[in-house]
Structure formats: C-alpha cells, structure tokens
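Next come two complexes, and both contain chain A; in the first it sits with chain B, in the second with chain C.
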Partner chain A sequence: MDRRTFLKIIGTGIAGSTAGNLMTPGKSSAADSASGPEFYGILVDTTRCIGCRRCELACAEVNGLPKPDISETANETVFKSPRQLTETQYTVTGSFTTEKGTIFVPRRCMHCNQPGCVAACPVKAMKKRPSGHVTWDSDCIGCRLCMVSCPFDVPKFEYGKAVPNIQKCNLCWERFTQGVLPGCVEACPTQALIAGTRRDILDEAKRRIAANPGRYVEHIYGEYEAGGTSHLYLSAVPFDQIGFRQDLGTKPYPEYSSFYLKSVPFVATLTPLLMLAVGAAVKSGRNGLEKREEKHEEKGKH
Partner chain B sequence: MAGEKLETIAVEQKTEDRPQINSFGDFWDYFKKELKPRGNPATAFNVLSGSAIIFGAILLLIRFTTGLGQPVTNLSQSFPWGLWMGFYVMSGAAFAGGGYVLAFIVYILGVDKYRPLLRAAVLNALLFYVFCSVIMVIAFGRWWNIPNVFLGNQFGASSVLLVVMWLFLLYILTSAFEFSPAVAEWLGKVKMRKTVGSLAMGAAALGITLSVLHQAGLGALMVMAKAKIHPLWYSEMLPWMFLISSVYAGLAMVIFEASISTKVFTDQMDDENRQARSDVLVGLARICGGAIFAYFCLDIILAQSEGDLGLVRNRMGYWWLLEIVGLVAVPGLMFIHGAQKKNPVTIQAASVIALIGILMNRYNSVFLAYNWNLPFAEKYYPSAVEFLIAIGVVCLQIWVFRWIINRLPVMRKGPEWAAKIDKN
Partner chain C sequence: MSRKLLFLVISVIYLVLIAFGLTLVYSIDTSKPVKQTVSMAKDNKISIAHTEIFGRLQRPQVVFDHKKHEDAYRKEGCSVCHPVNDKKQVIFTFPKQVRGKGRKVLMKAYHDECIDCHKKSAAESKPTGPVTCNNCHKKEFARLRMNYPVAEFDFYDHNKHVRVMKEKFGKSDCGQCHHTYDVKDKKISYSKGAEESCYYCHDLNKKRGPEFAAITKAAAEKGLSVERISHQSCLNCHLEYRTAYEQVPNEQVHKIHREKVACNVCHPSNDFKHAASCTDCHIPLDCAKCHTGKYRTVEELKDVPRPDRGQKDMVSLDTRNARMKSVSFSHKAHQADSRTCRGCHHEGLRACASCHSLTGGPEGNGINVASAYHSVFAGQSCTGCHNKIKANKECAGCHYYVSAMNIETMNSKKDTCASCHAGKQMSMPKPLPYSGSVKEDVQIDVLAKEFGAASFPHRDVLNKLVRISNDSKLATYFHRDIQTLCKGCHHQSSSSAEVQMPQCRNCHMADNDRHHINKTRLISAYHRQCLGCHEKMEMTKGIKCSECHKKNTAPLEITQLKNQNVVRQNTSTILNAWHPK
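And now, the complex of A and B:
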C-alpha cells in the first residue's frame, strides 16, 4: 500500500497519530481485513462533501450503469429535486438547505451489521459477507421481501425486465476481494468518504467530533441505528435536516421477526398434542355421557 | 375382523351404482366423462367468467414476457407489494381460515352439527392455497427460482417467507388429505375411503397446527416493515393479530359461502342439509361475533399500549377508525344481534362486511398504510392489468370449485357405503 492510498483510507494526514488501529498488521488494508472478523465500511463526512457527484460517476463506471452527467450545469438541475436510489443508481448525492447552508449527502446501502434484507431472503440470495458487505446474487426468487424489510429503502427491483434483478450497492465487493478501494471512495476529491474497518472509521469519526468542537453534531449516524451499520455519517446539523430518519430505533431489524420464528417449533410441537388431547377428552366425556344415559334407560325399564 | 367387514361392504356395494376403477386407464376414462360440463354451458355467468379467464391468460403471457413494470403493474420501488400479494396471498389465506376453524370444531370439539359444512370449507381452503401459490408465481419476479425455496441447501432459515412458503406447501398436502374421503367416495374406492377416514382426526390436528403457524406467519412477513407501516396498523404483535382475525375471516367466509351455495348448489342438498345450514348459521355467527369481539379488544389494547391512540385525529386516523369500528365492531355486533334474533339476513350482511374489513386490513398492511407519508403522486393503486389477472384467477377458482361441488359428494351426502364405514 502506498502512502497516498493510506492517507485516503484514514482520510486525513493529521489522523496519523491517532490511527493506531489502522496500522495494526492484518487490518491495515482492505484485502487483509477480509480474513478478519471486522466489518468493512465507509465513513461519510458530510461537512467535506462538495456535491461534485464524482462518486456517482465512479460507481456507474465500476458497475456498468448508465453514466450520469456531472457537469456543473447538470448538477444544478439535479440538486433541485429530492433524490432517491434507483435500480440504475447505487449511490446518489442529495442537496439539503439547512441552518448551516447547503449540505450535500451521498447516500447508498448502509450495509447494516444485521441486515433486514438478509434475514428476509428465503433463499440466501442476499448475503452478509464475513467482511460486512451485503451482496445479492441470482438465486433470488424476486419476492421483494428484502425491499419491504429494509429500513433504509435500499434494494431496488428491475420492474421493466422479464428477467429482473435486485440492484443495490455491494460496497464494491469484487474490488474488495482484489484489495482495491470502493469506486466512490477512490473518486472522492475531498476525502469526504474514507474506507476502513468499522472499528477504525468509528474511532476516526469520534476523533473528529472531539477534535473539532462545534463543527459536528455529537451523533454518528449508523453507530446504533437499526442495530448499527457499516456506513457511518458525520453531520454539522441534526440528521433529520439532511434526510435521515431518526425513528428507526436501535434494534437490529431481524430481531422483529425472531419472536415469530422462535415460536414456530414450539407451536408446531405443542398444538397437535393439545388438539389430540382435547379431542380425546371430548370423546371420552361423550362416551361417559352415553353410558350414563344407557344406564338411566335400563333403570327406567325396571 | 375389520378386513372381513370391509369385504362385506365391498361385496354389498357391487350391486350398487358405484364406479369400478381398478387401473389408471379406468380412472382416466371416468375423469374424461366427468370433465364434460353439466347443464347449459351458455349462461351469462359462464360467458363472463370464461372470457375473464381467457383474457387473464392473455395478460399473463404479457406479464411473463415483459416483466412486472408498467403497464402490467403499478408497483414501484416504494411499493414492492400490491394487489396480488395483498388480495390473494394475505386476504385469501385469511378467507381460507374456515377450513381449520371448522376442522377444530367438528373433529376436535366433536360438534357434529357443523359437519355438513366441513367438506366445502376444507375444499375452499385447499383451493385458496393452491391459487395463492399460483398468484405468488405470477407476482414473484424471478419465479423460475422458486424451487430454491424447497430444494437444495440454501434455505434462508431466518426468513419468515421461507417458513410461510413451506407451510403453504404442507397445508396444501394436508388439506388435500382432509378432503380425500370425498375423492374416494367419488371414485368408489372403499378401501381408500376407510384408510383416509380413519386418519381424519390426525389430519385435522396437523392441519390446524400448520394453519395457526402460517396465519401468524403472514403477519410476521410485515413486522420488519416497522419503519414504513403507519403505527396504528403496525405492531410487533402483528402475527398474532393476523391469526386471530383469520378465525373470524374464515368463519365469515363459511357463512357467506353457505348462503350463496344454498341458492346456487340447491340441487346438491337434501331438505335435511338445507335445514341444518340455517341452524348452524346461528351457531357460527355467535362464534364469529365472539372472535371479532376478541380481535377488537386486542386491537384497541395494542393501540393504547403502544401510544398510538393519539394519532386518530387526522386522515390516517379516521381511516383506521373506519376500519376498526365500521368494518370490525359493526359486523361483530350484527353477528351477535343476528344470532340472538336468528335472522339469517343480518348474519349474511355481517359476513360480507367482515370480509371487506379483512380485505381492508390486509391492504392497509401491504399498501394503504404502507409508506403512508409519501406524497399522493407516488402512492400505489392497482393497475387495470393487475385487477384483470386477479379477476381471471378468481373466476378460474370458482370454476374449479363448482366443478368439484357438482361431481364429488361435498355438499350432498356421501354414498350409503361410506356412511356404513363411518358407523363401523
């Protein structure tokens, strides 16, 4: 790893003194952390984003998607309306007018620590890789429960195709296995995006908040949201002003369905037993009744 | 002993008018003979429903060649599920609940007066699940991969949908087994009738278990949509609410269907059966009213305990009130009132309103209260093609139902020999 890449990963030169974790053998590069248990992620510092949309272009190039026009005039019109991810845009940058001026926010899949989409998938087409990447493959049955279950509304479906795929950011999984940075991170001219293990980028986010009083709100979006995500965001204004939902809770989404799933084997064993027991009780009760009636009749005869 | 008895019955029946089917060839000939329509095929209903089926089939061809986008469906990235999942899979399964509730009452609680309705309810359940599965194939974008859910070794064990699809499959098999005595009687198979008849209670217990699990499972499909469904409709208890509502949905369907079939299939019933039907309607209405009352109380308690009752004073809130009062409480009271006065008209009207309430409730989870805060222009409403395909499938289901009712002993009494087997 050359010095330039290293600086990109930790984002800033000054971070060198505090980025001890980054230099620990085995965790210092993207490829190395594939073998480790640490999740890989991206820290997005929205105070550094200039809304150039080079990440969008890089993403389109890496994934073979239609290339966006990122000239300054095009950007002006694009930022006028709210933007959402689509099946041909895995990352989009939104523009928000806030008390601290215009803030640009690049959004993409959050790569949750415990993703709802992965839990929802009946055929393991949506996978959480050991390195934290949430990827999709073609075993998918197209049920779209992943879309229903994602709190961030990330997976997108190709409705217009006879052979449709689910489309979403996979944190450049292919490149990661080759030890290359995600396309968006590599393209970012201001190091608003830095990649690293979740532990390291979280440390870095905390360090920035501590080192720059007043520059950030004291909240790292994604640290706890929906059980924690591998994409973390820093902001100068409260997150609801820049399009983030604050009502998602801190519980990992798969846990919402775990109560049902855990009760399945219990219901499956206890219900038939209960049914047969009640059935037998009713039957014997009725037989007893009949016998008594018979006796009654016999007595009547005498 | 039992074998001897069986033989005597079989010998006795030889003189009776019983189809002799000893090979697949025999069956095929018999089946072809039975397949022919009975009565005048050119009724207004047949022409309309027949064209709906043909039209639906043509539209399906378009769906499978062009995908699910416009103009086939109005589904979008914000509304991945629509009419098909909401109507057939979510509501249809609830409507099929009569199969397991009646099996519980007749086989487990041993209340014989409801037996004349049981076979029709089981058949109804079986057909609803079969056609639910058909709709899932149509609605799922990569349907050719559906075998992955049942075969191979990549089961998503944490997926509610995996559980639900397996339960659907198992319940189709179980309810087919529950219905098989009627098939045996139709084919004149004495031995088969005796075997399946003796396992009826076990099959009922299994069917009830599978139903309880998947009715709850359908609710569990929506629990991860916490961030999207309006709080008045969302609760982590959704699985159990779906289960309880399936009890009254199923019974309401039995009542509704019984009142229609007394008119449509009147030639299938003897006077005794017709009399029994109006008697049991009162009993079913009472149970149905009780289940609705339980559901109503639980829904209010949930809304209160989750602090959602403060949300009723706006558009979504009024919508919720309309559902819980107009389409749950009102039919519940009508059921109880109709049962007290023994008024079949009130009971039938109540069943229709209750069924509409179920449709509304399932639609709300899937698309009306789903992503409720999106601007109106981005909202989902079903496309014409979605409606037409759904109507075509409904008509096909009615045709299959009618074909079976007119040939198998479902509403009418079975043959004498079958009654003898049950006595022994």
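And now, the complex of A and C:
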C-alpha cells in the first residue's frame, strides 16, 4: 500500500466519525446545553396532587382536544383502572394505593434532556427546542420509531385516522413563546405542578426534601433518569410504587445507538477495502502457488 | 457421502442440545404457593424443617405433635427427649445429642432419636409413632406454613409475677430471673437495684455497645438466644411450680375454688371423675398460653405499675458545661407512655448522658448529648418520639405543615426551646381556655365565579382543635396559649401582633408568580391548607369538591391562551424573543 491510499483511508475514517455524530441529533443539540439557555421544565410534587384532573381539562382546552368529564362522579370511575396517555390525552392523572394512602400522579411527556424520540426520528419531525421543549412538527411520516424509542411510553399514534400522526405533550410550546405558563400548571389548584427553569425547579425540589425530613423519599425522579428530564417528580413513597420505571439507568437514550451509528461509515468504507485486500492476497497466493507448481513440474520433466 | 453424514451428526447434536435446554427450562421448580397458614400455638404443634440448614427440602416438613408426646411422657418428665444441664434444668432443644454440624449429622440425629424411640415403644407393646418415611414426612404438610405467634413478657406479666411470687411463695428475690454476667470471671451474679432486661445481653441479632457486646458474644458462643433462654428459665420454673400445685390435696383445692369459680371450669361438661390440670389456669405450660400473638398496647398497660428499680419521678437533665438551661423531665409521666423500658433506654437502664457526652465520643457511638435528645427520627430521643406522636392523625392536620422540631435545620424559635429548657421544674399547664369570641363562619369566595363561595365553619374548627389539644397531655404541655392553635392555619401571624390576623391574600397572590416559583398562590394556599388538614386528619367530611363549593356548574374555560392560536411553524423567530430572566 502506498502513502496516498493510506492517507485516503484515514481521511475517510475521520469524516465518517464526524458524520456519525451528526446522525444522532438528540445528542448533538443537547450536549452543550450548559452554555445555551437553561431548559424549561415542570416540577410535579405528588404529595400535593389531589386528583382533581383540572390539568387534564386545561390541557384539552389548550390543545383543542375533546374535553374530559372531570366531575366527582366521573372521577370515581376513572381512577379505578390504570391510566395511559392517548392521542387525545396528552396528560393523565393516575391513582395509586400505597402505604401512605392514595397518591395521585399526573403523567405526561418527560421532555428528556437528550430525547430518544428526537434521535430516532428519521425526518426530524420531533425536535428538542433550545428551551428544553420536545415538540412535534407536521413533517411526521408515521413511522412510529419515536414510540419504540421512548422509555416512558409517551408518543401516541392516531390509529383511527386516515392520515395518522404522532401526538404528545409539547410542554405548551406556543404558550411558552408568549410568556404564559403551561395550561396544566396554570389550572392546578394546589400548585402540585410548578414551572420554571430546570435549575430552579431542581433547587426547589431539593429544598423541599431538605426542609421536610421524612416527608419525601430522597430521590428526584427525572434528575438523572435517562440522562435527566425536564419533568421532575417528588414522591412520599418509592417511585416503583407509583408506576415509575426504576430500570432506566442514567445514560441518555441516544447514546445507546451512537456507537453503532458512528461505526457505520467505518464499516462502509473499510469493508470493501478489506475484501479487496483479502481478494488480492488470495489471488497473488494462488498465482505464486501455480508458478511454483509449474516450476516443480518443469523440474520433474527434466 | 461423508458431508451428508457430518450434517446429520451436527443436526442430531443440535436437536439433543435443544431438547436438553427445554427440559432444563421446564423442570425449574417454581416455588409453589403456600396452601394454608396454621398457627403453631393452637394445638402445640411444631414444624421441623430447618430450612436454614437443609435448604430446599427433599421430603415435606414434619409437623410434630408436641402435646401428644408431652401427655405420653407426663410421668417420666421432659428429660426423656430434652437434655438436662448440671443444674438439673431442662434445656429445651431437640435432638438430645447432635454430634458435629451439617445436614447429614442433623438428619441422622433426628432420625435416630425419633425412630429408635418409636421402635423401642413398639417392642414394649406401648402406643407408638411412625417408623416409615411418609408417615412423618406427610405430603399434606408440604405446602403448609407454620407461624409462631409472639409471646411478650410485658409490664403486666412482670407485675403479676412479682405479686404472685411474693404472696403465694413468699419470694421477693428478683435474682430468680435477673442476673448479670461477668465476662472476666465467667460467672453469673445478681445485685439488687441493677436489674436489666433479658434483651440487652441475649438478643443476639442486635448490635450493642462495647460493654454489652462482650456479654452478648459470650451468650452467642453458648447459643443462649432470647428464644432459648426464655423457654429455659420460664418453663423450668413453671414445671417446678406445677408440681407444687399438684401436690395440694383435693379438699383444699375445692375449698379454695368453690366460692370463686363454677364447677365446670375445672370439670368440663360436668365430668366429676376427672379434673382439668392446674396449669390450664395457673402456671401456663401450653404454647398458646404465652404465645398469644398480641402485644398489649400502651392504653392497656396504663394502670400497670412499672417495675421499681429506684428510679426518680422527676429528673433534671442537666449536662455539665452545657450552654442550654436544664430540662426538668418527668420520668414518671413518660414511663407510662412506653411499652418497654428498652424503648428509650436502648443500651442498659442508665441515663442518656452516661454515654452521650457533651462533645460526643466513641462511648456514645459518636452521638453527642444534643443529638441524643433531639434526633428527628430516633425512637429513643425526645424529639424523635414527639415527632412520631405528631404524625398521628389528630395532630397531623396542623403539624404536617409545621416543620418538625429539628435542631439541625436551625428553624427552631426561642420559645420552642424554652418550653423544655426552662432551667426549673415546669408545671403542667391547665387545659386551654376558650372564650368563643372568634368569627363563627368565614366565606371564602376566591373561586366564586366558577364554583360559588365556600363556607368555612371557623368556630367549630377551633372548638375541635381545642378539644383535641386538651385531650392529650403532650399537646396540653406544649400548646401553652390559644395563639399556638391559631398558628396551625394563620401560620405567619406573630404572637406579639395586637389582634388582627393577617389575611391570606396579604401574602398569597391570586396569580402564579413566574419569578418566585416557590410562592404559593391564593387558590393553592386555600386548597392545600384545607384539604391537606382534612386528609391528614383522615376526616370523612370536606374531601369532595361539592362539600365546600355549593354551586356545581360545568366548569367554564379555565385557560386563556390556546396553543392553536399560534401558528405551529416559524417558532424559531419567537424563540429568539424569549429571554429566560
């Protein structure tokens, strides 16, 4: 191999690794978040939630979804079965019976710091905004990769529609740009939800834990889960008792695929070369063998 | 040809491997659910399983009928099966001799002792027990779980023993049960006024300080766990006194009992040829008589006198060189509120300050005297125990929002400290006076547009709080004036303020404060205070919306700005206009 070919290969490798980084957009857009504006988020204090479901009503109003019946009689039946987000309910409140009584937990998109759905989206319809909002755009092709990649089972697909799309909470992105709090936060009658920059709500969560010894489990769900999320949760009981996954680890989801995506260019460029080299070696070997045999035969003749 | 053969061989190996794997997977013995739970105390049956040694059992456990064996060897005594020590005390272990350790040795010991005896009885043509496997290891026992209800020797039992021993047998010597162990001399001794609980030395599971740890270690070497020594010392004594009871002539027994009890208590179903055993009432020997599975509550033990060990009624807790004033502590009042002495005196019956010094040190496990008294969660500290009581539903309504007394967070106020650190004997204050000069009903109309005004029965609530406070000794002591109770809701009002309580809306804004996220808005202040108190006090009233808000119309629009009003595209330009602060 001459010097020129060697440099070519090295050059392709470097270019490939850079391209690999670009292929994981969730990572690249959130990696330098410390220097950009602080992410926006919501702190959910489950010890304060009273299960009135006004956040659900507000969410439906704000997003033009069918309004849920939140009367007392409806609430009695609604909480009996486990609740799931749907394509027309961006937030739902679940009820859990624990050792510390009934605990209500409003769930919605966690708005991960490094979202798996954004990294998975092949058409960049999911976006991680510089303000922390994970929003959805109309470019969606309905591939549902975001549903598979979400550790919190948040994006929902409009199975019933002719031209289906993905639907999920966008942390009231439009209201945010107008300087207004998210609909659910505005409607909450007990301030179980408070909105602010992630740094502020994290401080507040830690302050509450420190100021009320024994009231909370000493863990803020979302501080490190799946690389950290913009929704933070406080709880009086261990989080697995109120339906939170404890097996997510602290690694951001896009990073699980970054190794493979990075290695694609290498594999793509190096494999043909390797194959060519092997082929050449085999060929030359065979040629050599044939030549030797020929010589041998010639010798035998003599 | 050879290639075909190779292919065949490989595929056969694969098939075998797959079959092997499948059988492995499906033969995993999933633990079967327990079919039923039986109380061992009910008819004196004991489960012999020793899963701690045998692990998973090859054959079902043996459920041993102790009562049957006990009755059969009534004359010969316990020593037929149980070993006897040099003081002629029966040690309640079985088998008598286990030579060595391990599964096989133990199994052999059991089999030898049980089966040999059964064979012997059969040879002597006496009634006997099974000698084949399945008659002891019955299949029906496999999914049976025995439970052993607790037996507790509490103050009631202690008092009864002290009284009966004194009155009937004329013995007032506490040394019959209480003793201490000298680690150097390896001797047991008793000295009056230094009695302690069995648990300090014989509870082998608990980590103790250096002094007790040495004794516990010695006890552990001899295998003297609480279970073992309580059976040994209780039952040996009971056996001894059973004989004393049974030797009383019949005429005298009748004379004593005729006036007090009905005939059928001793002669069930009026069978006058036989009588029940004395131990049925007097000296319990049956498992269930002690293993009741119940702890007596503080309420039940309230009037039971506590063991007298020469403790003072009032103790002045005054640490030398401490800057705080001394605390006058009523030991008499507090000992009635605890089920055991061990609840507070966790390391021997001595003063806290004897280990926990002012500066802390290894003898107090690094806990200084201030932490020993004020630790927020410890069951043995003043604050810890008080905090536990404050979490009760009667108190939690207010105290959920009043942060716990915690010297570490330094949120305690001067008058909080002074309520204990008075430097003199504090008297128990009189129950709170209540003049009834407060507003009767308060109308709360923040949400009036949507739900109608809520009416709050102000005077009734105060009445109830006063009643709760006056019912509790702890509350009466600490709630020294009526303002303390007002502070439960009017939390920011100062006691030095003249009359007016500040209104909620003076501090709590009607709207969310975007820049101070911790600030509670008005609607939230009302809901959290009202509902929180109702929930924490486990009230049945005032939990549902309609119980406070009379007007129950369909909700109006609760949000102003809609997401649809803003075009979804071109958001990047809007973002640039956003500044975090």
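Here is the rule we go by: the second predicted complex is superposed on the first by the 266 of 302 C-alpha atoms of A that agree within 3 Å, B and C clash if a C-alpha of one lies under 4 Å from a C-alpha of the other, contacts with A are read in each partner's own complex, and residues count from 1 in each chain.
Quick note on the criterion: a residue touches a chain if its C-beta (ideal position, glycine included) is under 8 Å from a C-beta of that chain, and two chains touch if they have at least 3 such contacts.
Only a predicted model underlies this, so the values are computations on that prediction, with no experimental measurement involved.
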item	value
Clash or fit (per the criteria above) of chain B with chain C on chain A	clash
Chain B versus chain C as contact partner of A:264, first or second or both or neither	first
Partner chain(s) touched by A:61 [first = chain B, second = chain C, both, neither]	second
Contacts of A:175 with chain B and chain C, given as first, second, both or neither	second
Which of chain B and chain C A:157 touches, first, second, both or neither	first
Contacts of A:139 with chain B and chain C, given as first, second, both or neither	first
Contacts of A:210 with chain B and chain C, given as first, second, both or neither	second
Chain B versus chain C as contact partner of A:38, first or second or both or neither	second
Superposition clash, chain B versus chain C, among 5-13, 185-193, 203-211 or 329-337	329-337
Chain A residues contacted in one complex by chain B, in the other by chain C	138
Complex contacts: residues of chain A adjacent to chain B	84-87, 116, 118-124, 138-145, 147-149, 151, 153, 156-164, 245, 247-249, 253-254, 256-261, 264, 267-268, 271-272, 275-276, 278-279, 282-283, 286
Of chain A, residues touching chain C in the complex	37-38, 43, 48, 50, 52, 54, 57-58, 61-64, 70-72, 101, 129-131, 135, 137-138, 170, 172-181, 183, 185-191, 194-197, 200-201, 204, 207, 210-214
Contacting residues of chain B [partner chain A, same complex]	64-70, 73, 75-78, 80-81, 104, 107-110, 136, 140-143, 145-146, 148-149, 154-156, 158-163, 165, 201-202, 204-206, 208-209, 212-213, 216-217, 219-228, 236, 239
Residue numbers on chain C that touch chain A, as the complex places them	376-377, 387, 403-404, 406, 409, 512, 514, 517-518, 520-521, 523-524, 527-528, 531, 535, 544-546, 552, 555, 557-566, 568, 571, 574-575, 577-578, 580-581
